[in-house]
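Letters A, B, C, D, E, F and G name the chains as they come in the text, with residue numbers starting at 1 for each one.
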């Protein structure tokens, strides 16, 4: 029972740690790393469900009858691309944030925003 | 793998985190191979361990590598994570066992791919035939995603380049290959072969792992290597930025127009059977063309992304140098 | 060509995007995007006609039959949404060129149009497709372009907002991906129609339950439903105005569509509402969302932010209608999707015009604008009245249906709460009216003029639509009702 | 159906809206603008009178615009009650406009164009309200009326005005949307229609508790009727310029409220159903309490306009009581009271405005002896007071009479006592004003700073300084109206009694 | 030009060895690809004697033989020291003169040093190489110049 | 013949994996960066080479064989290059090796680098 | 034999990971990653034989290339910028929290 689903336990642990990084960490780059970990864990999940006992890679060859399921592979290929696209865009945002705020820590940015907001409110009252 | 993930949580040095992420990508790629997903492993190796690590490195070079100590309490995060994990564990309880031959996923749609794709499409790599024909539209979407990302990075990071500073930039850049004699020579030897290898992967996607996407990434990797060693401005002279944007667009268009042509010739969108008199030949032609489209777009977008990141980074460097000079 | 309409719907803007990149002149790109979007709109009209006349249209991409290939499946529900999305997109684009001049550096205009078209493509694709994984792909197209578009905003907060959106959006998309994976694992298929046939067999399994939970949570993240809404206000506030107008009118609708599609079509009505206390949860969250968001809206000083919060509240109404899981309730939700698109489109476009003339939309700077920009401000007021639900505007029609649905079920107290919620709308709309009409201009001899025609025309097209569809409800109600009925027909 | 009359019916709504447009266009030329206003007033009166004759001739006039949702249409239909209301409103619009021209000019108000434009929209809404053939159409015009009068209330643009405006809008919109709309939805759901039908639209087997609750929702929902817990908007709206107050209290807003109450009671519930509903009693006493309490509060007000406002609340209670009594005399009394009170109250407000414009006084305690300076105004004030109290020879007598009849018929003696008491209170808070105005000396012993001031004012005894001419004319006209209605109440009575019998 | 030809030949060999599919279409595509790569490589200016050291061809195999022998020997030593206790090593840093003239020769020498476990070429400046060695005797054997001599011979 | 192939490839594989394993141990055991690099070098050259040769022997296909050769060439080309670059970078950034004989030199360098 | 070799490689990779996590300097980590990469190449080659599909060596080649490029990238972007001035880099014992 436990071993049968071993892959799933790994996937779940990874998913949880990835998600934890995204939510709990304050550093923007770290968050993106977390996202990558999170997404990769999902990839592993898909791939492990495609595995067939005794099967091989789904490239037709003579004398082989049992192949793994190719469909999840296709899906994950697409998902990997999506993942890198997200990462690239996220990182470019981080770069711009660093330029604009001078920091890549979540709380410092939040603080700066709040400050700006209260300053503009003060101006209004004046 | 789990160890690496936890290490990533604990690490404060972003540089180390990125290194670990690279290792993580390699492990998961190995894992994919064990799980028979060679195409995926191919891609994950190139992307997870290669490109994304590189991009993160460039960004860290701009933003600094130290993470601040975590001040807020992560209990709520922990709670959310635990709920999610709990839900997943709950979900796994009823799952079919891994590798079970009689699991529903192996019974319903996939058998047709495995049994009939050779007759219907004539390509030994089933992944390729599913990717490029049965689910060609998903792949089209994928290409568009990467195109979108490229344009997104362009909008966010592209800087109007000033001519006068270019000389200066190139002077710093070129130092890398001047200093590193060994690398220069080795890289010079390697680069043409990497390019050719990329093209080989491009055209042999039908027979083995690989295809347009992987080829594009490898191609881009070679260009990136060149840019890193010989300087961004040199690389930009070789591969013009506008030109490469054009290539990215053409890739998407090529892919799409294959669909449109099939639509014009009386089939449905992406119905390659009508492209040639013989359905199998039509399928071949269609797959070849769309793989080209994928390759073009992916390669050029990857290059665009890297160029823009690196361009920003040089700008930063330059600014910093100016700042350092002023006080002295 | 008629047979290929479903794919043309998505392909036209998609192919137009890279072509835009090749055209070098901004003006040309703008015209070209309008044409592409307009063509998509025309296609959606034809599609709707066809669907209303002859029922579901199925289009097999690549000529492969449905569970093996990807299928486009257009029924009344998504034909309706396609119409909303492409229509709003076309109208909004008219104002784009003028608005961009003030908000985005010149050299990025072309990218803007490319991303805009891609985002449109993504939304249309999500709605049109009948394949669960294809949904994910197009979701990412639309999200990625959305992140970039929002990040284009000229304030630095735009970047931060976009980043937050990226994180939340990616988590949401990944959740959906997990859900799709779990479903696939239990059934072996990705086609939605096929899924709906095969899921009942494994209905009792915990895996399917988990799949459902993941999909719903993921969609709700995209939807900005109440507890998961944190990304939305800033994203809408700091994005370029045109983007805000477009997204506020369409993006959340797409997410609501997904919610409806998954609960009603894929999992089936009986599964969604009998196995899980979905009704209670959504009802409660919807209501809390209405009140919390409306109250926050009252305290905002930035008008864009104010209406962004109002959007969250309006999503609450849709959720309440959805949670009733009756034909009337669903009709109310669909109607509100249509109507809210019209109101928010008009309001945010008008705000774009204000930004064009005034520079920002801080409440204080709107003083006396009622006289300086009468047509623009009138548009905002009419849109606001529509939000409140004043008769003869579209807002009234959808509220009416919502109330009907609630009363049908005997949920009196909730009907009262809904009405109280719209009182909160009165308060925040009235804050703007007061400032705009009853305060002297900040600067006595300021020379703020009425917005240029390129704004006024699209704004007033939407405003007139607001009124027209508030009076002649045959189209909107007819389609919404038919769509709701067909959903129940499928599910029961 | 008579085509011309149907066209006229639509014109009554369109003309004010057209004139709004014309007013905005001609805004830069005050004279032109005001002539436009007057002209459209005259056209409107002409139309309404024609329609009135049509109704007398037994024509059935109805117009169907379009159907919004199944069973939810915008359509118009003339019946006597609406005719009555339309007649009063169109006539008083003319008068108020005359008055307003004088008032606004001499007061040098800003934003006069906006003022006239909103005024015209409000009248258009009132016309639509009066002629609406179903509850939905009525609701629409009800809301339009609320929104179009909001700029009038906040006209001054001061903080105080805005605060008043917020209260005004807040209460009216809240009640109308939360209760009224809900009630409409439920009605539609239960009865399947919203058309005004003589005898009500509910079938006999309808759940009494449900409809009882519905009635409560309606009465509370029609915030314009100012039943006690939701009356705060009325005094708050007193920040408006006086012509607005007169419009609000006499012509448009409050009358629209009680008109709606009447309509709902008679044509939605039907008197038979109304009589057996469990909540009617409760509402009657609530209205009674509203009458009494408002009168008592009125006595304590020193600001003339505020006192008049509370007086209005109490008078509106009369109408509501009449409607809820569910007898024919009650309904007749209510309908007539709408008219009588309209004339009486508008005169009173005109007078208050005139005093403000000429003498810049708004406190009652400052008004001793002004009767000597403004004899016509104060005379009119006296007569109007009598009408409100219900003393011959004024029109108010008749309506009070019928209302009393109604209470006796239904043996609601408590209410009868309340009505009597309230009339006494009316005397107590209205008559002293004119009394002191003419006979300042008698109260000199309550000497105070104000009395010495009034003494100074008194010195040039015959220094008559009346209101501006247009205003004065308006005052005189309405005063005459009060008197005429005593002598010649026939048309009103006919219309009022036709309400129940339906169209001939 | 001769470098281009040489590159063409090596690339073709690479393709043919890798491909395994010799249908007309694939061969044609291969030809196209190679041409494309040549164009890019020329544009990048990476085709010269540094990347195509055809002039070294004569002696290189002999050198490789010798080098492999060295590598095996060095490996054994290092592995021995890995399994011995940590005290047995004697890390050393030293500058060593070199006699090669061309960049190519220097690179071959440096790489050879690095290839042999136990020694790593750290920096290459003009005619000096900084070498780090695990054991003192490794540096000493380098200083005897056996390898240096052989590499210099390659150059001629 | 088969036996010879199996045995010889087994021999190469075993030796190669032993070398790699030793390299891994060395990576952990050696005291500083530069010495660890030597350990890594072991695995890169002879370890990888042995394993690949072992595989070459059992490969039946020319294609597979040629690819294995390519991998081997790549490893031999890239391995030392990266080591060298790494060492150079470390050295230039001031990371001094722990050595037996140059403690004084090391100190001198540190002081000089601390106040440029 | 193949299994034994695979196992050995696998263990070596584990050791590399430990070095990568422990550090302590940046260069140790890079070294670990590099070594990890080369071992992955071997692992893939071996796996291909283990699973009877040796034609996947392409992947091994890609790994080798990517590994090289990554290391160059690391150096390129650690070598130039602020790291040069950052005092923590010279600090041989980095603190792990």
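Everything that follows uses one rule, which is that a residue touches a chain if its C-beta (ideal position, glycine included) is under 8 Å from a C-beta of that chain, and two chains touch if they have at least 3 such contacts.
None of these values were measured; they are calculated from a predicted model.
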*Determine the set of chains touching chain C that also touch chain F.*
B
_Using C-alpha centres only, name the chain that sits farthest from chain A._
D
*Go through A-B and F-G and name the pair with more C-beta contacts between its chains.*
A-B
*Farthest from chain G by Cα centre, which chain is it? Let me know.*
D
*Take the average of all CA coordinates in chain B, do the same for chain E, and state the distance between these two points in whole angstrom.*
31
_Can you compute the centre-to-centre distance for chain B and chain G, using the mean CA position of each chain? Integer Å is fine._
20
*asked:* Report the inter-centroid distance (CA atoms only) between chain E and chain F in whole Å.
replied: 14
_Contacts with 2+ other chains: residues of chain B_ = 36, 38, 60, 62, 64, 88, 92, 95, 103, 105-106, 109-110, 113, 135, 138, 141-142, 145, 148-149, 152-153, 156, 182-183, 186-187, 189-190, 197, 204, 207-209
_Give the residues of chain D touching no fewer than two other chains, as numbers and ranges._
none
*Would you please write down the residue numbers of chain A that are in contact with two or more other chains?*
15, 19, 49, 56-57, 59, 61, 71-72, 75, 78, 82, 85-86, 89, 93-94, 96
*asked:* Applying that definition of touch, give me each pair of chains that meets it.
replied: A-B, A-C, A-G, B-C, B-E, B-F, B-G, C-D, E-F, F-G
*Write out the stretch or stretches of chain A touching chain G in their complex.*
56-57, 59, 61
*chain B residues touching chain C - in the complex, by the definition given at the top*: 87-88, 90-96, 103-110, 112-113, 133-138, 141-142, 144-145, 147-149, 151-156, 158, 160, 245-246, 248-250, 252-253, 256-257, 259-260, 263, 267-273
_Residues on chain C engaged by chain A in the complex (per definition of touch)_ = 133, 136-137, 140, 144, 147-148, 151, 156-157, 159-160, 162-163, 166-167, 170-171, 173-174, 177-178, 181, 184-185, 190, 301, 362, 364
*What part of chain B is in contact with chain G in the complex they form?*
3-4, 7, 10-13, 15-16, 19-20, 22-23, 26, 29-30, 33-34, 36, 38, 41-42, 45-46, 49-50, 53-54, 57-58, 60-62, 64-66, 69, 172, 176, 183, 187, 190, 194, 197, 201, 204, 208-210, 214, 218, 221, 224-225, 228-229, 313, 316-317, 320
*asked:* Which residues of chain A touch chain B once you look at their complex with the stated criterion?
replied: 4-8, 10-21, 23-27, 29-30, 32-34, 36-37, 40, 43-44, 47-61, 66-78, 80-89, 91-96, 98, 104-105, 107-108
